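Each chain gets a letter, A, B, C and D, in the order it is written, and its residues are counted from 1.
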Amino acid sequence: MITPKFERPAPEWQRKLHEIIFEADTPAGKAFDFALLWCIMLSILAVMLESVTSVRAQYSAILHIIEWAFTLLFTLEYLLRLLSVQRPLRYAVSFFGIVDLLSIIPTYLSILVPGSQYLLVIRILRLLRIFRILKLGEYLHEADTLIRALRASRYKITVFLLTVVTLVIIIGAVMYVVEGEANGFTDIPTSIYWAVVTLTTVGYGDVAPRTVLGQAIASVVMLLGYGIIAVPTGIVTIELARASQPGVSTQVCPACAAEGHDADAVYCKYCGTHL
Amino acid sequence: MITPKFERPAPEWQRKLHEIIFEADTPAGKAFDFALLWCIMLSILAVMLESVTSVRAQYSAILHIIEWAFTLLFTLEYLLRLLSVQRPLRYAVSFFGIVDLLSIIPTYLSILVPGSQYLLVIRILRLLRIFRILKLGEYLHEADTLIRALRASRYKITVFLLTVVTLVIIIGAVMYVVEGEANGFTDIPTSIYWAVVTLTTVGYGDVAPRTVLGQAIASVVMLLGYGIIAVPTGIVTIELARASQPGVSTQVCPACAAEGHDADAVYCKYCGTHL
Amino acid sequence: MITPKFERPAPEWQRKLHEIIFEADTPAGKAFDFALLWCIMLSILAVMLESVTSVRAQYSAILHIIEWAFTLLFTLEYLLRLLSVQRPLRYAVSFFGIVDLLSIIPTYLSILVPGSQYLLVIRILRLLRIFRILKLGEYLHEADTLIRALRASRYKITVFLLTVVTLVIIIGAVMYVVEGEANGFTDIPTSIYWAVVTLTTVGYGDVAPRTVLGQAIASVVMLLGYGIIAVPTGIVTIELARASQPGVSTQVCPACAAEGHDADAVYCKYCGTHL
Amino acid sequence: MITPKFERPAPEWQRKLHEIIFEADTPAGKAFDFALLWCIMLSILAVMLESVTSVRAQYSAILHIIEWAFTLLFTLEYLLRLLSVQRPLRYAVSFFGIVDLLSIIPTYLSILVPGSQYLLVIRILRLLRIFRILKLGEYLHEADTLIRALRASRYKITVFLLTVVTLVIIIGAVMYVVEGEANGFTDIPTSIYWAVVTLTTVGYGDVAPRTVLGQAIASVVMLLGYGIIAVPTGIVTIELARASQPGVSTQVCPACAAEGHDADAVYCKYCGTHL
């Protein structure tokens, strides 16, 4: 059972189906993918429109039909995907397998829990397949650089986030004591929410200090946030710089002893000797 | 018709007109350009003042006259520009040709669609000609560096923007379900608008979470936005650093056509050919 | 009395106690630390819940008991810590010694000053011990890099903060004169608070300019803040880049005592002596 | 009259006065400077307190006396400064000379124009002398690095600011047409003010879009601002990196041919030979 592909070759219909549904090289596969993208976008648009009161009042019935039509279509597609792969379970637990499943569940769930159909917007994650269709290798490469940079800075960012969370809890409690419930800081969780809103420089203004001492502390917190916002930017910039460097090799030219060759160099760029 | 300049030399009046209108080397050309800049700035000021209720109440008639006077003047100038060039169509479809046309259309349009005259501020784009008059080569060079840096980071920024748009739609839908219409999240588009306002740390406060769960989710979104704001900064910093470096030459290897050689390279690093 | 450890070896019970309380290598020590972390987190949660009006109304008595139970537990632990170390005073004045003490005082203080029990959230600082338990060497290393970067940039950041404070006071006074008390700028401290809120791009909107001149000045201040926010980011990025580089060794020249040698230096670059 | 110092040596009293007032090397000079700093800070505090309604109601008379006392003191000091220097005019037009004059004018002006005494906070600029007293050479050096970095990036920042101003005017006019006067965008200047508030991510919320189209445009503007905020950060970071680099010289060791020596190196760091 180690290499099932060699033991039991996929039947013709399965290979054909796989080609159309999962790949974008053949005209049929491309047409399928484009049709799918349009369906996804239209279904998200329908979900959004349904949430608007004035639209719902007038077109409730038609939007309901559209929603169920798309859900049945995507359910059929999900079943076909399961059928077309050799190992259905592996697809079902893959990233896109889970997203595909989550994209149809909310409609069925909305029978039991009204309102859950709005979670259908999770379908937007299916649009990520777009990268495969457009063959945007360049984009994938750049996305990879970004992800590598973020992964390389995960320890620094964790330390940073823990510091921010600690700060935010202490600042929240202090402001709760200083401002009190009369000034909108009704409890410590609300004060912590205020501290996050302030430290991240969002500043809604739904909760704002009113006492002189509270405003003074808030001013210090803001200037602090000013310095703190610099830290993740610095971290990401450095890791991004490291991840996007082509890198210089440590090779030395055997003929002219020149150093500083690029990692992909085959010949010495100063004297033309083979490295 | 390939090289019309040699077939039919421009008549004297056309060359003279071109020199005055399009160039800034002669005293006449310089005077024309300065007069034009002042006209543009005054006309924009007039448009702005017209929008102020108290000013409009009192000086409506005079502002109307000024607006039409400038528009007729700019229309005349546009016609002269068309006349002074050898290939009017090429000018008409160039960046400045389109801007010059857009700068006069709104006034004529305002007869049919009241209010459209405020779009006359598009005239401000005409001020970009200022760089030519002041011969700010240094500025142009720097603008070029900025543009090259932004162009080099277009793939990364596209990936980044797509990620942000996806995030914003999902967050918007979740908050719509969590907060509900009673708390100001009246529909999914409004929730998405809130998500953009929050993630970009703008934070108007016209829509703000009121439930405990909503505030908790909002806090996470803000801390997320904190990290996310670091990404474009990192991208632009790195590309800017690369664009302002002497860096990589534009030389192409005559033997293997490879690009991306260092500025100090003498031999192609891939095939060893003398550059 | 110079090396007390050799003069008077710690008795068996003290060494055992120290191992359990202060270290996390033995199973007993690990169990103690985990139990402690849970107690800390639960006690902070209790403090937060107590501040919520609806919760306090219903569970006031039980939360009161929990608070005192945890405080007595932590007091006992504090005494045991003092007993288990050879030099109690040194522990008492160390960072964690002070935090441990501050974590129990507010409860006792709340008998005299009602409301001070909310300052118990200072207990969250005790959670920093978590790094020792999880043996997160990688995290400590990264935290160290961040701290070194911030320390290296302390002069630049001080100059920067002084500039911002000076700017904020002048802007505040100007806006107080321009806007006046009728528009919410009730006094100079409030105006300074507004200037901090604006310059840091927090923007609550509780105080906002209403006159045309005030809005014009505010616009300039915001664009200024735009440029100013770039400065600390730039500072931290550079110091972070330097701190995470292998960089400069800590070696000192034996002949001329010069510092700042590169990591790969063999001879002093100032006097030529072998390092 | 070219070298007046040699023609007419300063009399003893003038040299003595200059030493006390302008320098901080002698005990008398240091004492004078410290006394001055305290006077400045107290006088600023008095101005701030006077603006607070409740304080003014009660201590109006005493604050008035304090203000005039400090102003007379500073006027005396200003006259002494003029007397103690050889070339009074050169001092009078220097940065500190102008600041010293501006620090006393508002009080005299307040007789004619009530309210102008609040501009006395300009006195805070006098505190910049603190750097000289504390001999904070390190701070001056860092301030110099910051200033050099900002000066080096002035062309890029000018281009950037012109772009932002152009953008803000066009966005303001478009939003005025889209939202209209009923939704708070009362005129184009107000709309431009909104565009600045939004693009800089300040976001007061005093003016906010209410129509669906307006919110959609605002969302795009915010995401744009997201990318735009990255540009000045990138510019400053790079110039700061360049300004704070010690720089590597292009020198080659005459003995071992090693490169990459620091600009201040005297001996080769690899073989110890004099460079």
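To be clear about the criterion, contacts are C-beta pairs under 8 Å (C-beta built on N, C-alpha and C of every residue); 3 or more make two chains touch, one makes a residue touch a chain.
Note that the coordinates shown come from a computational prediction; the quantities given were computed from them, not determined experimentally.
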Between subunit B and subunit C, the fewest touch steps amount to 1
Neighbour overlap between subunit A and subunit D returns B, C
Top of the farthest list for subunit A, CA-centroid basis, is D
For the copies subunit A and subunit C, give the interface type as same if over half of its residue numbers appear on both sides, and as different if under half do.
different
Distance-wise, how many Å sit between the C-alpha centres of subunit A and subunit C, to the nearest whole number?
31
The distance between the C-alpha centres of subunit A and subunit B, rounded to whole Å, is 29
Among subunit D residues, those touching two or more other chains are 189, 201-205, 229, 233, 235, 237, 241
What topology does the chain touch graph have (line, ring, star, complete, other)?
complete
For a test of understanding, state which residues of subunit D touch subunit C in their complex under the given definition.
44, 47-48, 51-53, 115-116, 118-122, 124-125, 127-128, 138-139, 141-143, 145-146, 149, 157, 161, 164, 189-190, 192-193, 196-197, 200-206, 229, 232-233, 235-237, 239-241, 244, 261-262, 264-274
Given the complex with subunit A, which residues does subunit B contribute to the contact?
155-156, 158-160, 166, 169-170, 172-174, 176-177, 181, 186-189, 198, 201-205, 208, 212, 215-216, 218-219, 222-223, 225-227, 229-231, 233-235, 237-238, 241, 261-262, 264-274
Footprint of subunit D on subunit A - complex, ascending:
201-205, 233, 237
